[in-house]
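Letters A, B, C and D name the chains as they come in the text, with residue numbers starting at 1 for each one.
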Amino acid sequence: MEDINLHFTGDFHAVTSAHNMITALLDNYLYQNQASGFGLREVLWKRVLDVNDRSLRNVVTGLGGRSNGIPRESGFDITPASEIMAILCLAKDLEDLRRRIENILLGFTYEGQPFTVKDLGVAGAITVLLKNAVHPNLVQTTENTLAIVHGGPFANIAHGCNSILATKMAMTFADYVVTEAGFGADLGAEKFFNIKCRKAGIQPCLTVIVATAQALKIHGVAELENITRPDKESLVKGLKNLQKHLDNMNAFGQRVVVAFNKYASDTEEEIALVEEFCRQVGSGFAVNSAFTDGGEGAVSLAETVAEFIERQPSGPLTFTYRDEDPIPEKIAAVACKLYGAAEVTYSMAARKKLKLIREMGIGHYPACIAKTQYSFSTDPKCYGCAEGFKVHIKDLVINNGAEMIVAVAGDIMRMPGLPKSPQAERIDLVNGLIEGLS
Amino acid sequence: MEDINLHFTGDFHAVTSAHNMITALLDNYLYQNQASGFGLREVLWKRVLDVNDRSLRNVVTGLGGRSNGIPRESGFDITPASEIMAILCLAKDLEDLRRRIENILLGFTYEGQPFTVKDLGVAGAITVLLKNAVHPNLVQTTENTLAIVHGGPFANIAHGCNSILATKMAMTFADYVVTEAGFGADLGAEKFFNIKCRKAGIQPCLTVIVATAQALKIHGVAELENITRPDKESLVKGLKNLQKHLDNMNAFGQRVVVAFNKYASDTEEEIALVEEFCRQVGSGFAVNSAFTDGGEGAVSLAETVAEFIERQPSGPLTFTYRDEDPIPEKIAAVACKLYGAAEVTYSMAARKKLKLIREMGIGHYPACIAKTQYSFSTDPKCYGCAEGFKVHIKDLVINNGAEMIVAVAGDIMRMPGLPKSPQAERIDLVNGLIEGLS
Amino acid sequence: MEDINLHFTGDFHAVTSAHNMITALLDNYLYQNQASGFGLREVLWKRVLDVNDRSLRNVVTGLGGRSNGIPRESGFDITPASEIMAILCLAKDLEDLRRRIENILLGFTYEGQPFTVKDLGVAGAITVLLKNAVHPNLVQTTENTLAIVHGGPFANIAHGCNSILATKMAMTFADYVVTEAGFGADLGAEKFFNIKCRKAGIQPCLTVIVATAQALKIHGVAELENITRPDKESLVKGLKNLQKHLDNMNAFGQRVVVAFNKYASDTEEEIALVEEFCRQVGSGFAVNSAFTDGGEGAVSLAETVAEFIERQPSGPLTFTYRDEDPIPEKIAAVACKLYGAAEVTYSMAARKKLKLIREMGIGHYPACIAKTQYSFSTDPKCYGCAEGFKVHIKDLVINNGAEMIVAVAGDIMRMPGLPKSPQAERIDLVNGLIEGLS
Amino acid sequence: MEDINLHFTGDFHAVTSAHNMITALLDNYLYQNQASGFGLREVLWKRVLDVNDRSLRNVVTGLGGRSNGIPRESGFDITPASEIMAILCLAKDLEDLRRRIENILLGFTYEGQPFTVKDLGVAGAITVLLKNAVHPNLVQTTENTLAIVHGGPFANIAHGCNSILATKMAMTFADYVVTEAGFGADLGAEKFFNIKCRKAGIQPCLTVIVATAQALKIHGVAELENITRPDKESLVKGLKNLQKHLDNMNAFGQRVVVAFNKYASDTEEEIALVEEFCRQVGSGFAVNSAFTDGGEGAVSLAETVAEFIERQPSGPLTFTYRDEDPIPEKIAAVACKLYGAAEVTYSMAARKKLKLIREMGIGHYPACIAKTQYSFSTDPKCYGCAEGFKVHIKDLVINNGAEMIVAVAGDIMRMPGLPKSPQAERIDLVNGLIEGLS
């Protein structure tokens, strides 16, 4: 666990290096060619670092006089938001990886032409930096079950699924492959279906939605300090959140089993309530206590899942939008059908990007919406099942190599900040063992 | 070779992460406490990235309004110049690593007090990030000889030697341990003796200086395009450069063997000339053709080295300066005795740092001079054996954790830039094999 | 004319000095108090210069290390957009000027309290800088008619009328006082009525709207190169623009005389068309050729105006909104009733300011909308009588001293830029006479 | 007095406008031509404001995306340091003014060619902005004596004398013309002789040096709080400062009268001491009490001056350096002969400018040294008659229009900052009268 959370096999570092190497090469190109008018009217490509650092969101680089580059407004995203990470996760093979790297859009020339990594002439070198990172990483659980860990986008700020290569590799090894697509089914599952499955041609047999009594109570608007106490009223109110997620999964054509993650504070009555709710809406239900009981605690869940699939696997996926829908229709489809929004609005910056997308003829890419994971809406404090809200698209990021359009909704940040009391103050190495890493 | 040049075991990435994590935590501390007046009058700590990117030398961070941090002038060095890298290479063990991390000087409070990582309260978390990087990496040559690769400072911008732990570990395994301290003996060897050996208590038995006919001709002021042609005159002129290096090594009390790296274009007459010169000045000499002939080609060199050591190993090291000498005297000692400078001048910024060093009572740290590797002087185009020049100290960097003072001399940059035609344009992955990586 | 267009009596310079002096004092306050936590969470006050300079719209100041201030994001507006200019034009007397200067909102403390010039303690010094500028300037026309020139806001970016003091002074000297409130009656007249007349208690007897055949043709969507040719069709189409202005003036309760500014290219037929239109809608009409014929050319217009007023002056003003309406209602009233908009939208930044305005309890201030003068809409290329458009409020500027809220609509810039071929390239001094100043 | 200290006839505002108009036109030129490679490798021209604002010393302009200019590092000087101010004071007539404006060096092209206002094509427009400012301003003293006030450089940061036109105009009206060249004779008088008199061909008949007992005591190293008490010892010690000024004036070939500015706290004994000293060194002496007694109080001084001149006027001026001396020799001549320095050192930036000056062939311009007025040295706290110090030239500013090279020595700032408690806190308008303006 520690190794995976720390540097692991270095894939994140490789993505960071590859991303920033492109930026360095681009800035060098602009610097070396400034006298010849080969510059870019606009640079879209930024830098990444795998650290929560709000101070890096907006920076001016190239200061200090003419031997130190050309002053330019830029910024850093967190590494999981890197288009390189998305490419790594969506590439079919090394050749496809290279093709996608070539296609990365860096900016526009003064004549308004797209300028890509291919134009910069360095796709080969960047592919070299990623040649090992493209291989899925084999790990094992504490009970020695095989697991494949590969790729690191977060579904709130990026497409959020592990790599297609890892999933396909796993599918050659096992009868059942479980893949995580987390941060809320409105974020993770939506992108898993509409982006990853669409691109990889995967048809999942079943969706498991994880629920906890505590989260349901939060969505039933209980006070945070009370969620470990018995509170049927809040729990029942919170079920409308689960209901919306189940409806959404069904809209994809997916059958669903609810995995109820059991905590010590959960009462039998509460568990029974959720189970009854699931039966009524036609979803499966199983209690999962793997966190405390190990693999043994997940047997019931596994059996329920297997039973559901054997009885009747889900049919073909019904996507929320079609490839040929324009980007605003795609975003509206996800926002209105799945989130429950009434309307999607766009900033001036986003509208300019929509124009560029039309001009570049890349409106057929899927839309990858970056949004808070705490609410169906863009307001992290709007619990339950929000309705009738507006989704404001602050910016669109063209991922021409990953072949998707990232839509940044509400106040979500692609570079997080640290809290007042960061976890780092509590992490330590004591007698060679790490403490405080949660 | 490829792996070592690319991501290897991730030590560089770990150093980068640890360094930038401190910066993120520091900026967060300033951000969260801005209303309480707990700020810093001056921040000395920057960020690092392992990429040649001149645009990152001077940046303004924290832009974009008050939710995106506090605007601040800062910059990036290349990862090998990170104080974390120096600490990793100089730490005796994990405990010492942690102690040094605690001591890193981040800046000064409004009251003029030093503010360290300890004050920030995150030394434990940073140590955790380095807990694997601190272990030396075991590799083997293509002839399966054991080698330990650990630590990455460059001797032109940092102290430049591999880690004390790696060297000491090697000394427990082998009769002879060869360690590289490169980038010119005025840079690498000087720091190896005055910093690493001083701190680690190591007494090397012998120094090997590598010479080539081509480099000697360059120092004899031959044109670059002619150095593969026979040119005794330039070669002989260039020997004064080798002479100065030999004198310097002798001043440390070291006996020296010159390893003549043989190229196809070298004539017997030229080789004989260098050999004769070495004999006259009392140094050993051996031709080394390991690059073309493998281990076989280095046997003669190895025998010469072993013979010299068995006959009479070098005596105890004579350091260029004493611990108790003030920093300006230490810098002057290296610059005047070893480089051949007539005078050392200081910028206003450097003079202010000298005052701080006195006030902090850390004048007993060794001086680590960052200087071009192309010349004894600070002018990269001044070949041969420069004399009577001035060394201008542009800035001093206080490495309170590494316990040394970095003096930045001349125009040397702690963040390099890329050339007009960067190597990345020629690197590629062809049929799974890397091309163009030199 | 030259003097008025150049430095004149220096009022603009005095406003510029006063504005920037406040900024310098504020930045000095922040600089001197940084160790004590007396800083501001947010600074709203910028700088001004009376020059078209897009590079000054957004700047970072205070760079260059700690003796050169605190790095801060800021910007410059053009001097006519300065709140000091608005205050100068709206102040009743020197005491009122001083009171308003005290009330200027500079920013907010970390505790969220407003921080004003009074808190900075320098209102007296700023008043001193304006003590002469507050006096109206007496000039004469080339026919020696008295005119009072005082105050310089532009109605597209500010409230746009000359000073209340100047108007009131003129009213003590003459039977008829003509005051300009230009840049389109949707901008100038609207603000003259809703802001200046409201504050000063002035009741104008009549509104004169200036029309030209060329402008009407533009609004009838003729090509720019054809507007000096006879073109009844475009002219008739363009009358709907005039119609909307007349309706708007009538909505204020104003009787209107249309002053038709005659050009050599106007045909009798075209003039007759406009006259006939005016008769039908119940407005007065007179041809004005003062530009070519001097005062003589305006006699007919003057007689028509006098006749209208003597027959029946306009009744009391009907304001577009009431003091007690919240700011968004005020903006909506102007945008929908006068401009013809369907909806008003707000950026995130503008919404945050609305919240501040409510918290400060200053919603009773009038709204001063900055908008392009080329169209009723916010799109400068949308001629004629636009309808059903959205007005997007990009930002709100709180003028707490001038006691109004500036709403920045669409892409209007409070600091203009220069065109590709600026007029300065054609201005020259030839034999002591200025050429090229148009 | 108030008017002169406030906006006066607006000359300062005209200089500010003209200077910043050039910058706006230059930035617009760079902006409009960025696609064509017509840019500048380096921009030397900054902006000015007539306010003490340390936050404007170093700024980044052109931020906010591509419609808001090109990001660029720049800065503001205070208006008296503007080259336009120097040109105004050194121009012979309007034609010469225009010629000098054309010659202003704005930066260098990518090919290394100088780029001037002439290349920008706007010299005419800038001349128009200055057409009134070039006329000297006639004022009168409270005793109705004519005075001409024109031009505002400060001798610590610029050449520091009023305009040549004003001086020459005065010389046509009066038998005796008194002109001020203040801020210490090492600054003001030096530049008056070496720059203004050299350029205008003026031969002054006599130099008056103003001395006070209090200043002499400060230079005799008395405590500031004690200088109004009788203290002969400090006074006598301080005379070495006066001695050095007298020697310097004599070196120019000037006869000198010391004007002793009398304060109430001065004792007869102290005055007698200074008088005796003057007699011994061969200078004239007169007590001046004009500040308290009006013109009457200066009669004795005037008579002494007239008597000296009638007896024997000074001979032709002996300049400190010749036109043909290279800039470093000129600076060294002033620093070593007049200030008493032992050596002049140069920063890297200054050395690069020296190279440019040689390449441009403008080494024959006089040197205008910006230096603290508190000491002969560059250390404002080094009183008396400093000796053996170094003068460090931080930067050189090429004033190609004013035809002089400004050398910035030590820590002098061409844009001052405000003190902790700025005067503005004490200035006010009380019953229409200004208070606190000292």
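Assorted remarks:
Just so it is clear, a contact is a pair of C-beta atoms (placed from the backbone, for glycine too) under 8 Å apart; a residue touches a chain by one contact, two chains touch by 3 or more.
Note that the structure is predicted; figures quoted are calculated from it, not measured.
A count of contacting C-beta pairs for B-C and for B-D identifies B-C as the more extensively joined pair. Among the remaining chains, the Cα-based centre furthest from that of chain A is the centre of D.
The distance from the centre of chain B to the centre of chain D, with each centre set as the mean of the Cα atoms, comes to 49 Å. Look at where the CA atoms of chain A average out and do the same for chain B: the two points lie 41 Å apart.
Centroids built from CA atoms put chain C at 64 Å from chain B.
In chain C, the residues touching two or more other chains are 60, 62-64, 72-73. Chain B meets chain D in the complex at residues 60, 345, 347-348, 392, 394.
Chain D contributes residues 6-7, 10, 13-14, 16-17, 20-21, 23-25, 27-28, 31-32, 49-64, 67-70, 72-73, 75, 94, 98, 121-122, 124-129, 131-132, 417-418, 420, 422-429, 432, 434-437 to its touches with chain C in the complex. Of all residues in chain B, only 34-39, 41-42, 60, 62-66, 71-73, 110-111 touch chain C in the complex they form.
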